[in-house]
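Chain IDs A, B, C and D follow the sequence of writing; residue 1 opens each chain.
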Amino acid sequence: MSLLDVTDLEVSFGPHRALRGVSFSLDKGERLGIVGESGAGKSMAAFAIINLISDPGRITGGSVTFDGQRLDTMATEDLRTIRGDRIAMIFQDPMMTLNPVLTIGEQMIETLQAHRPMGKAEARRIAIEKLDLVAVPSPAARIDNYPHELSGGLRQRVVIAISLLCDPEIIIADEPTTALDVTIQAEIMALLMRLCETRDMGLILITHDLAVVSESCQRLAVMYAGKIIEQGATDAILTAPRHPYTRGLIGALPQMNSRGGLLKQIRGSMPGIDDLPPGCAFHPRCDFAIDACRATIPSLEPVGAQSVACFRAEEIG
Amino acid sequence: MHLLAFLLRRLVQAVIVMLVISVIGFSIQSNLGDPLRELVGQSVSEAERQLLRNQLGLNDPFWTQYFRFLGNAVQGDLGTSYFFKKPALEVILDKFPATFELVLVASVMIVTLAVPAGIYAALKPESWGARILMTTSIVGISVPVFLTAILLISVFSVGLGWLPSFGRGDTVEMPWGWDTGLLTLDGWSHLILPAISLASIMLPLFIRLIRAEMMESLRTEYVRFAWAKGIASRRVWLTHAFRNTLLPVITVGGVQIGTLIAYTILTETVFQWPGMGFLFLEAINRVDTPLIIAYIIIVGLIFVIVNTIVDLIYTLVNPMMKLPGAAA
Amino acid sequence: MIRFSSAPHLMRGLSPLRAAEGDLASGVGHSVGSLLTAKDIAVRFPMPSHFLQRHKPVLHALRGVDVSIQKGEAFCVVGESGCGKTTLGRVIMGLLAPSTGEIHYDGTRIDGLDEGARRPFRRRMQMIFQNPYASLNPRMTVRQTLAESLRYLGEGMSRTDIDAKIEETMLSVGASADWGKRMPHEFSGGQRQRISIARALITDPEFIVADEPISALDVSIQAQVLNLLTKAREERGLTYFFITHDLSVVEHFGDRVAVMYLGEVVELSPVANIFDAPQHPYTRLLLSAIPRIGGNAFKAERVPGEIPTAINPPKGCAFASRCPLVHDRCRVENPKLKPTPTGTLAACHAVAS
Amino acid sequence: MTPRAFAARFFRDPVAVFAGLLLLSLIVLAMLAPFLAPQNPYDPMQIDIMDSELPPVWIDGGEDRFLFGTDTQGRGILSTVMYGMGVSLLIGLGAVAVQAFLGITFGMLAGFYGGWIDSFLMRLADIQLSLSTLMVAIIALAIFQAALGPGAYADLALYMLILVIGIAEWPQYARTVRANVLVEKKKEYVDAARLTGMPSSRIMLRHILPNTLTPLLVISTIQVANAIVSEAALSFLGLGMPVNRPSLGSLIRSGFENVFSGQWWITAIPAIVLVILILAINLLGDWLRDTLNPKLYKGR
């Protein structure tokens, strides 16, 4: 039994399923990267954990169990004691994440007061302490700034500080560096890594960048069209991917190709949730597709060191 | 932005607007009606008229006459009402309390009803209450002010006989010659129908505006982040979502105050409410030029003051336009 | 490093006329083979201000950029948001007039040309944009979009000529013929980018400014589009001015690279050199920050540096506030691009020549 | 959205279909009034003072000839309302045409060229908006009426109303057009068009204008309703259409005194028709806004 267990999770928008049975788990202090292209459902999986899917999406199947409690069926009032306290989130764009009309202090203090009985002064002291922890310069002054008065990198540090306020057991980070420049990305990721390691925090990192996961997470799940198609230890998958899509993704990276020539590419593009092909959703783009792939959806099965949802995983490895 | 720069710019702008209005006012004066006729009647010979015109400066160049007009206006002299035979400014200002109280009560009604109704309709868009609110509000927007007024009169005054249909009722004299109807029961019974009809068109407008802005703000990332932080619903709705709807609502509200004052002319006409609007319409029918001009200038001044206040509030509420002092 | 004999700073002080004459007369001037030269380009935008402000804020998007692009090369410009790389591309294409400086194309000065005189250059120089969702007019069919370029730049092509050219170009970017009558919203991002490339190629240009053409696309689509650009280059002998923030794309695609920081070129070098021996501290920072499979970009703690803004930028070196090698001189004197031991150019006081 | 998808959504929404049918039938009734109305109420040969103040047919004393009764001069309310609705619609559409022409022109100029043209036009729009349409219109018409005298004014009232309401409301269009032009002109397809060397006038008309049309459709619908309301209010104040060619507003005004003496229908019938007309347009406007979800200008 892990700290967090997601089993066969399904999220639907009307008749269409954005998540088609997703399972993964996270142990205490473990870091899991969920990788996929836009529309693969990776953000949906992250938000479904704390049951925060925007309308009209609904969890229509499966379960989310955190520390023995079912989060998917939990009442909103009870969920509130988990969100921001034991499971914290970091969003993609720090400019949009922080409320423009509230100071950073107000947005931090309200979080503390929502979960701990404490006065404003004490909350403020803790908030400054956390800002200092994420290396925000002169935190005692910065705490009274409005978000627009900070640079993008500092804003994301503030968001991380907010997520740390109640010392959560898991941080879910939804593309935390996509909106940032590469030097700032390295700063933010280095900070996150250090925090997770020193505080034994679990991390679920949602990203489209395999290299970012390679540098930060022990385990990796690759998503395609609402399903996890390969899952396992990051190094194992990146050195010997078994699903043709994972292979394609890694192979398409410029660093994996010789200079100046053509990159290995995957043809076509990922189908939308409203026009999924029958069978394996990847088969129209797959060089290995056989008749079975066109008829039956392969399930995630252990193959070697990882789990793969492909009928030909054994041969491909 | 720098507060001083902001105020100075507003001041310059206000002066320009007032100058434009004064030019309009003066053009009306020099083209409408014949001041001589008002002064001496028809029986005076042409030679005497010319003499009088010269004495009054009516043959001077346009700009000379304008600056004389402007000089007088700045000193509060907007001419003498032909009908009341009193200074026009005095006549207008006598009626100011009635209009002010009508607008005040209507505005209070609008704010106290529109904010909770708008928030409710945004939070529970699928509920029956919200559907009824939205349906009534579109009907409300589609009924012109004067029809609401007529309807209220025919139901509550003519039909049921509960409330008076015209006038202001008993008033109480306050310091500085301010007559208030807010201190007597009779005053309130006269005020209630005009105030409802004045509020009737703005109320649905604001409910819909607040609802739309609130729904937009509920969809933002920062509201989602607030949920993810585990903040209580009340605080997410009011502090995170509603506070961000204030800026557009203040902006639109500022513009709508102008419309509200324009609608007083309609409301006051139907209810024969003794305010500035009713007086203005009478002045138009009597071609009482000094009174028309006085009204235009006073109303222009009110607009300028209200807009400056609205802009100032906007600047203070919006942290993006913060004044110097905090670290940048 | 023969190419670097064209180091643009050597051209300073020459009037554009004399420089051009020199090229023509000697035939072996430092601009041999250089297709496009940008000299000392600065772009400044006045920012909104109020009348009480004593120091009017000015945004310095470009602060004296010299680059010269050789015929047939893939010249990359790399840098983070706000460094001025897109502005430079727009200046080169004549979408934006530089505040100071000159642009020369194939020996002719082209900045400040009127539309009529610029038209021949418009045909030879084309552009591919970043955002596939904004770069196609949502109310025009693909055919209308493609035909428009030919109508204005095609010098009296007949309808059948235009149709044939459209079909030929669409095939060359891997688009099928029935795309022509469809509207942009019917296509995915990758497909739109193909159409965008077709629009750029349809006038048979020799020079293309590609402004982050793949950064809005998914990984698997990025490879498709990058391959398309590589093929087009091979088949048509194109010269690219390739703007990107992704050094790994530069490594794969580029011949030479200019690293930009806050409106200036801080390092100019062949691609291989920049990865093997980066000279400027900013280039080193950039390289160390790129995540790689099996890399360790996130291992070391990184302290946030003060990032200066392009509005009234500092007097000295713009990178001084983040630089590990900073010394007093950097804060007062802005370093110029100068040759480094590896033969490349870098703008840094700390890099010994 | 394609026209077909648009139509499909329209026919799936019962409120929209209802409002559309209602509006269509009212417009047809107004346009064909000379052929369909039981009498021409402004032809002295067709009215009889003896018929005056008859109640509607469903009330005792009503006559079959006059479905909705008659006014104080013996004119059938049904006929006056059909003719009056035509006048109201004419002014509403005319005023919106003037607004749209001025607003789109100024909005495009302000958005495309920016600089002092933009600052000047937008400050003007701000001031004019804050003074409110009705106030501007009342003052302007009051002055014209006083200057021309009631007789001469009556002849020109139709054009005056169209012009005054049209000019007073141009900022609504201008601000939305400008806001959208500012968004569109930054998009890369405009840069791509510039790279073909086409003249900027063509870029404005061929590329930018078509992409700002969606919000204009929504605004235009709501503005027609607003213009009709403004006209009715002005006529009600006696500053609008004269009694010999009344709009719905003038009809309501002329029957207003009779509310107190019991002949409610003289005011109530045109009032109900006015409300239904405006409601139908507003419902359609709402539906359009929800369906097309355009970027409308709001705030600053």
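The definition used in the following text is that a contact is a pair of C-beta atoms (placed from the backbone, for glycine too) under 8 Å apart; a residue touches a chain by one contact, two chains touch by 3 or more.
Keep in mind that what you see is a predicted model, and the values were worked out from it rather than measured.
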{"item": "Required steps from chain A to chain C (each step between touching chains, minimum)", "value": "1"}
{"item": "Chain A to chain D, fewest steps along touching chains", "value": "2"}
{"item": "Pair exhibiting more inter-chain C-beta contacts, B-D or C-D", "value": "B-D"}
{"item": "Separation of mean Cα positions, chain D and chain B [Å, integer]", "value": "23"}
{"item": "Euclidean distance of C-alpha centroids - chain A vs chain B, Å", "value": "53"}
{"item": "Inter-chain centre distance, chain B versus chain C - centres from mean C-alpha coordinates, in Å", "value": "56"}
{"item": "Numbers and ranges of chain D residues touching at least 2 other chains", "value": "none"}
{"item": "Junction residues of chain B, two or more chains touched", "value": "247"}
{"item": "Multi-partner residues of chain A (each touching 2 or more other chains)", "value": "none"}
{"item": "In the complex, chain A residues that touch chain C", "value": "37-38, 135-137, 151, 153-154, 157, 181-183, 185-187, 189-191, 193-194, 208-212, 214-216, 238, 248-250, 252-257, 259-267, 269-270"}
{"item": "List of chain B residues in touch with chain A within their complex", "value": "219-222, 224-233, 235, 239-240, 243-244, 246-247, 317-320, 322, 326-328"}
{"item": "Chain D-touching residues of chain C, taken from the complex the two chains share", "value": "90, 93, 95, 115, 118-119, 122, 126-127, 129-131, 134-139, 145, 148-149, 151-153, 196, 199"}
{"item": "Chain C-touching residues of chain D, taken from the complex the two chains share", "value": "187-189, 191-199, 207, 210-211"}
{"item": "Touching residues on chain D, where the partner in the complex is chain B", "value": "123, 127, 129-135, 138-139, 142-143, 145-147, 225, 229, 232-233, 236-239, 252, 256, 259-260, 264, 267, 271, 274-275, 278-279, 282-283, 286, 298-300"}
